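The structures considered in this document are given below.
In what comes next, chain A is part of two complexes: it sits with chain B in the first one and with chain C in the second one.
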Partner chain A sequence: MQPADPKSNSALAVECQHLTRRFGKIEALAGVSLNVRRGEFFSLLGPSGCGKTTLLRIIAGLDLPDSGGLRIGGIESLRLPAWKRPVNTVFQSYALFPHLSVSENIAFGLRMKRLSAIEITRRTTSVMELTQIMPLAARHPNELSGGQKQRVALARAIVNEPQVLLLDEPLGALDLKLRKELQLELHHLQQRLEMTFVHVTHDQDEAMTMSDRVAVMNAGRVEQLGTPEEIYERPKTRFVAEFIGECNLFEGKFISRDGSRLEADSPLGRLRIDLPSTAIELAEQGKLLLGIRPERISLVGGHAGDNRVLGRIEEITFNGAESRYRINLGKVGLRVTELNTGRRDVGLFVGDSVEVALAPGNIFLLEG
Partner chain B sequence: MIRRSPATALIALLVLVFLYAPLVVVIIYSFNTARYGAEWHGFTVDWYLRLIHNDPAIAATINTIELACTSTFFSVLLGSILAYGMSRYEFPFKRLFHHVLHVPVFIPDIVMAVALLLFFAVLRKWLAGFELGMTTMTLAHITFQIPFIAIVVRARMADCDPQLEEAAADLGAGPWLTFRHITFPLMVPGIVAGGLLAFTLSLDDFVVSFFTSGPGSTTLPILIYSSVKRGLTPDINAIASLIVIVSALTVVTVAWLRGRTEVKT
Partner chain C sequence: MAEPTGQTAFKRRRRIRRTVHFGEPLPPGAHTFRAAWLCGPALVWVTMFMLVPLLFVVALSFAQRGDAGEIVWRFTWENYERLFGHGSLGFDPVQPLILARSLGVGFATAGLCLLIGLPVAFFIASLPRRWKSVALTLVVIPFWTNLLIRTYAWQLLLSPEGWLADILTTAGMIPAGTALYPGWPAVMVAMVCDYLPFMILPLYASVEKLDWLLAEAAADLGASPGRMFWHAVVPQIRPGMIAGGVLVFLPATGQFVIPDLLGGAKLALLGNAVQQQFGSSRDWPFGSAIAVVALLVMVAGLWLHTRVTNGRREVSLP
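On to the complex of A and B.
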């Protein structure tokens, strides 16, 4: 049976079960299942056309899946039309009503709920103060800048105190500096309101900075779901490793395994790899796909027990805070990034031979 | 900056003269004391004052306004609904329908008039009523007004972000509240502009009115036509001048409304 009061019960704000959606020949969602916890900042991250916006629209009730289930706050919601769902959306185009002033735009949701005029004024005012748009109250949307429109769109949604706030690329149309500023603001706002945010973006930086958890999507599927750290440190698939941050990828061949310690043959020579858990299942033979982040490779030094390979510096790009190196290891190249801490006594130059150190725990194993 | 050459200015001036000189002449001659001909005898407002006692002219004015108001009312209603349906719903042969909608705008008035006359004759044969008169004229005017209104309103709706309606639903407004608070207010400038356009079309229409009118349903354009057959008189000039002024005011209002709403969106 359904719980009478969803707020007291379910710890899950949104539950998606095997959602599928086709547009003609295009499979926008190919069976997506994921749960969003109450009060978390959850991001759907992926390239355009990966199905993230479709999923958001299905949660909002603006689109219907071909099959699957959806619960919002523990309540089966697919049959509820958009206007009866306890969610509100911040649209990418903002979709502010051009014939209404800023304060009328913000009050719209409350008016539809038939709250008293006093209550509407009180809540509208407090949200405008929170989002710092009080001086704009009487303006019309065409008299606002992009950043101001964004704040109004946000205020118009959160004033309704939805169980889940849906954000569709909310910062996509803004310039970089403003985007960075509003990223932080959104993050603080979410923590302050303790509201569940489901946020769609193609910007990995944005997803990493703001989110508690991220679902990386590709071609209508969730490739990996986890905290930003998990996704960055332990990408599961080739797509995730390449989409998020930079990555050196190379093939390996299985040699032996002892618990969580794996030995493999690779173009870098024999490598020792520490798996994050002994429970990882592995076809104990054949090809492996291995990866390591450029900043996880040490050029000189390293620790005892690291895999060590000799190489030659082929290119150095100085980038202020960091330097990027391209190392030739004979059969393969490696990209290495090093922070310019000034700790190294001797500078490195193109053509120098270096001993590259790869810690066994920093190498990860990828599916496909 | 583009430099204005004297030649451009001169051409612009000539075009303006070409466009407005006849209208200016009519207005000037409506103040002429002379009863006949093109000679200027002196200034008078007599012809305007005498219109008040010109019963046929008064009756024709009432008919014209009544016809324009009634037909505009119904065509605005039907044309707006048509525009809404065409921009919000998918249906078979929608593209074809879209093109067919434009046909009455292009076909010559005379063809439209003959077609309507024939159509009413057929209806009269099979159904009771449809005697030529105000009713047939109103129906005829509604027929040619609808496409103009539908086209103007639809253009207006095409300018509006369809996501606005989704946003309204997202904020808790059901279909009716969304229409009332969002869609309809956004349609209004289009409806007003289309309505005023339709109103002037009805006001000035001669060909269709002439063919579908009956006894007692003479409108101003018909009255002017039949009077002119007996010679140009200054009272006709006065009536024509008044029509020019009313039409011009309407057009200016349309332009003003459009300008005002474009700034707003």
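On to the complex of A and C.
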């Protein structure tokens, strides 16, 4: 078998070609194709059961697809058993060896490579310093807290300097505060090591803060792949729009198009919409699905050229930094979020009539 | 004021160290009383029918045999000296050999049972739930037949007319009309068959609980299938291997029916020696000495084992 060359020139760390996997009647992967670039922090984001963990296990070699292809570092890898692949995994439940101490756990991969004792000690020590677990070296996993176990699991994987590090919901079992802390640390670590990270999560917040690119998955398919900004600002499908952040959705009818400027009829009245070139063919379908983020809607004011609709405030939820409004527009309701900057001098109260402004560039068109 | 203030009431409550046992908070005295009460029957039973007779056997091992086989209560080390090779004509290896042979048979039986039982345990653990209980029942079915009867059955099976001898004769490996016993192979075959369930059951119990994620983690970290088994699976099923090993080794060293019926007079083990001294030789003091030494060997072995396993854990503690 050809050994994986870590200095391989391929710019792609992982290439998945039309991977499918069925478990009985359940289709865990329904033809997934995606590429992970060398050195990027890539997240697979989706609800539980969307196939993201299955995909990760296939890359690790712990599961086999029914069909499709997989290349790691440019080398065909489906035939390689897990122990010969240049990848390491941080498991969701950590899977630390209970009979080994922290330092022995971390040294495990190096021992399997039959490195010299000196080399093992050197690399184990340096990675324990990097992850700040030096004082825990002699402890056993049952003497560690959740956060400490997480660090040990991470150290045990990166000490092997894998081409790709796979992280299966690595922060899932931790409490919110620790999770936020480790999110940042993980992000910095990845930048320092310049290692390719493939990260599985169901937490959109986590995916957005840490990743260079995100693949949003649903029902065994990739719904959208892009940078966090692209996915948030220009969701392609209804699922992505609703899964990531909050979203107002409403139906519309095609009226006319002039270049990238679209006119549509909707429950909010006649709307002008600016489309990116990628969504133009969607516009000609007659029946449209439109969306806008709550924080992209202005109450009172707005700019010239905005779509303006009259409504009545039905509910106000004060949330500290921001306030959330529910606006009744007759046929349809809109959720609006506004930062409490204090810049607007009119106070708004329940029952007030307001003119809502929707900029044409902020409305997006979705696939059903 | 008769009413205690809040603080003194709090102090009083602190003074009684309440530990929750038996699902309710009990002061230490009541706890001891409850424990004694619950263990009482078992304690009395074991003392009367095991501890006292055992002490009697220990005392007996220092007594002498009278000319008519009666017990003469006069202190002597003679029984132990004899056991370790002191004969009337200088060093006599018969008794030390019996001891060594017994330990050897015990280790060999435990080792063979482990080798054969391990795949069986994994196989049963891999079955669907419904078939697991069927398989486990099949494992214990031999217990439904008396050991003596099973051993006689082996004699029939290994006799010159048996089909096994037929096959070997046809293959030209033994001359016609030869029995396959008495001898070592017959003893070992019967021993392994007899004690296999004692190995399979505890092994199965730990294989069933195996965390396969650890095996996946080992493979992910570059362990080949063999090293994965050794480094991630064996440590997990070690308790079952040890329990099975002890359960097989202890009775196997003391076994006397099988070596007697299938091994012939030359293959006497500790059990045979004890049986012979208490029986036909009517030398109870010497028989007791053999029994005491056998007991000490087992206890020493178990003690050593717990020390080794506990020691390993202690070393790595901070």
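What we mean here is this: the second predicted complex is superposed on the first by the 357 of 368 C-alpha atoms of A that agree within 3 Å, B and C clash if a C-alpha of one lies under 4 Å from a C-alpha of the other, contacts with A are read in each partner's own complex, and residues count from 1 in each chain.
Going forward, contacts are C-beta pairs under 8 Å (C-beta built on N, C-alpha and C of every residue); 3 or more make two chains touch, one makes a residue touch a chain.
Only a predicted model underlies this, so the values are computations on that prediction, with no experimental measurement involved.
When the two structures are superposed on chain A, do chain B and chain C clash or fit side by side?
clash
Quick one: is A:Leu310 in contact with chain B, with chain C, with both, or with neither? Answer first, second, both or neither.
neither
For A:His99, decide between first (touching chain B), second (touching chain C), both and neither.
Both chain B and chain C are touched by A:His99.
For A:Leu339 in the superposed arrangement: first (chain B), second (chain C), both or neither?
After superposing on A, A:Leu339 lies clear of both chain B and chain C.
Answer with first, second, both or neither: which of chain B and chain C does A:Pro81 touch in the superposed model?
In the superposition, A:Pro81 touches chain B and chain C alike.
For A:Ala117 in the superposed arrangement: first (chain B), second (chain C), both or neither?
Neither partner.
Tell me which partner A:Leu249 touches in the superposition: chain B (first), chain C (second), both or neither.
After superposing on A, A:Leu249 lies clear of both chain B and chain C.
With both complexes superposed on chain A, which partner does A:Ala138 reach: first (chain B), second (chain C), both or neither?
second
Applying the document's definition of touch, where does A:Thr89 land relative to chain B and chain C: first, second, both, or neither?
both
Quick one: from 4-12, 148-156, 166-174 or 310-318, give me the piece of chain C that collides with chain B in the overlay.
Residues of chain C that clash with chain B lie in 148-156.
Overlap the chain B and chain C contact sets on chain A and report the shared residues.
60-62, 81-84, 87-89, 91, 93, 95-99, 108-109, 112-113, 140, 156-157, 160.
If you look only at chain A, which of its residues touch chain B in the complex?
Interface residues on chain A, with respect to chain B: 60-62, 81-84, 87-89, 91, 93, 95-99, 108-109, 112-113, 140, 142, 156-157, 160.
Which residues of chain B touch chain A in their complex?
By the definition above, chain B touches chain A via 160-161, 163-164, 166-174, 177, 181-182, 185-186, 263-265.
Hey, which residues of chain A end up touching chain C in the complex?
60-62, 81-84, 87-89, 91, 93, 95-99, 101, 104, 108-109, 112-113, 138-140, 143, 156-157, 160
If you look only at chain C, which of its residues touch chain A in the complex?
Going through chain C, the ones touching chain A are 211, 213-214, 216-225, 227-228, 231-232, 235-236, 316-318.
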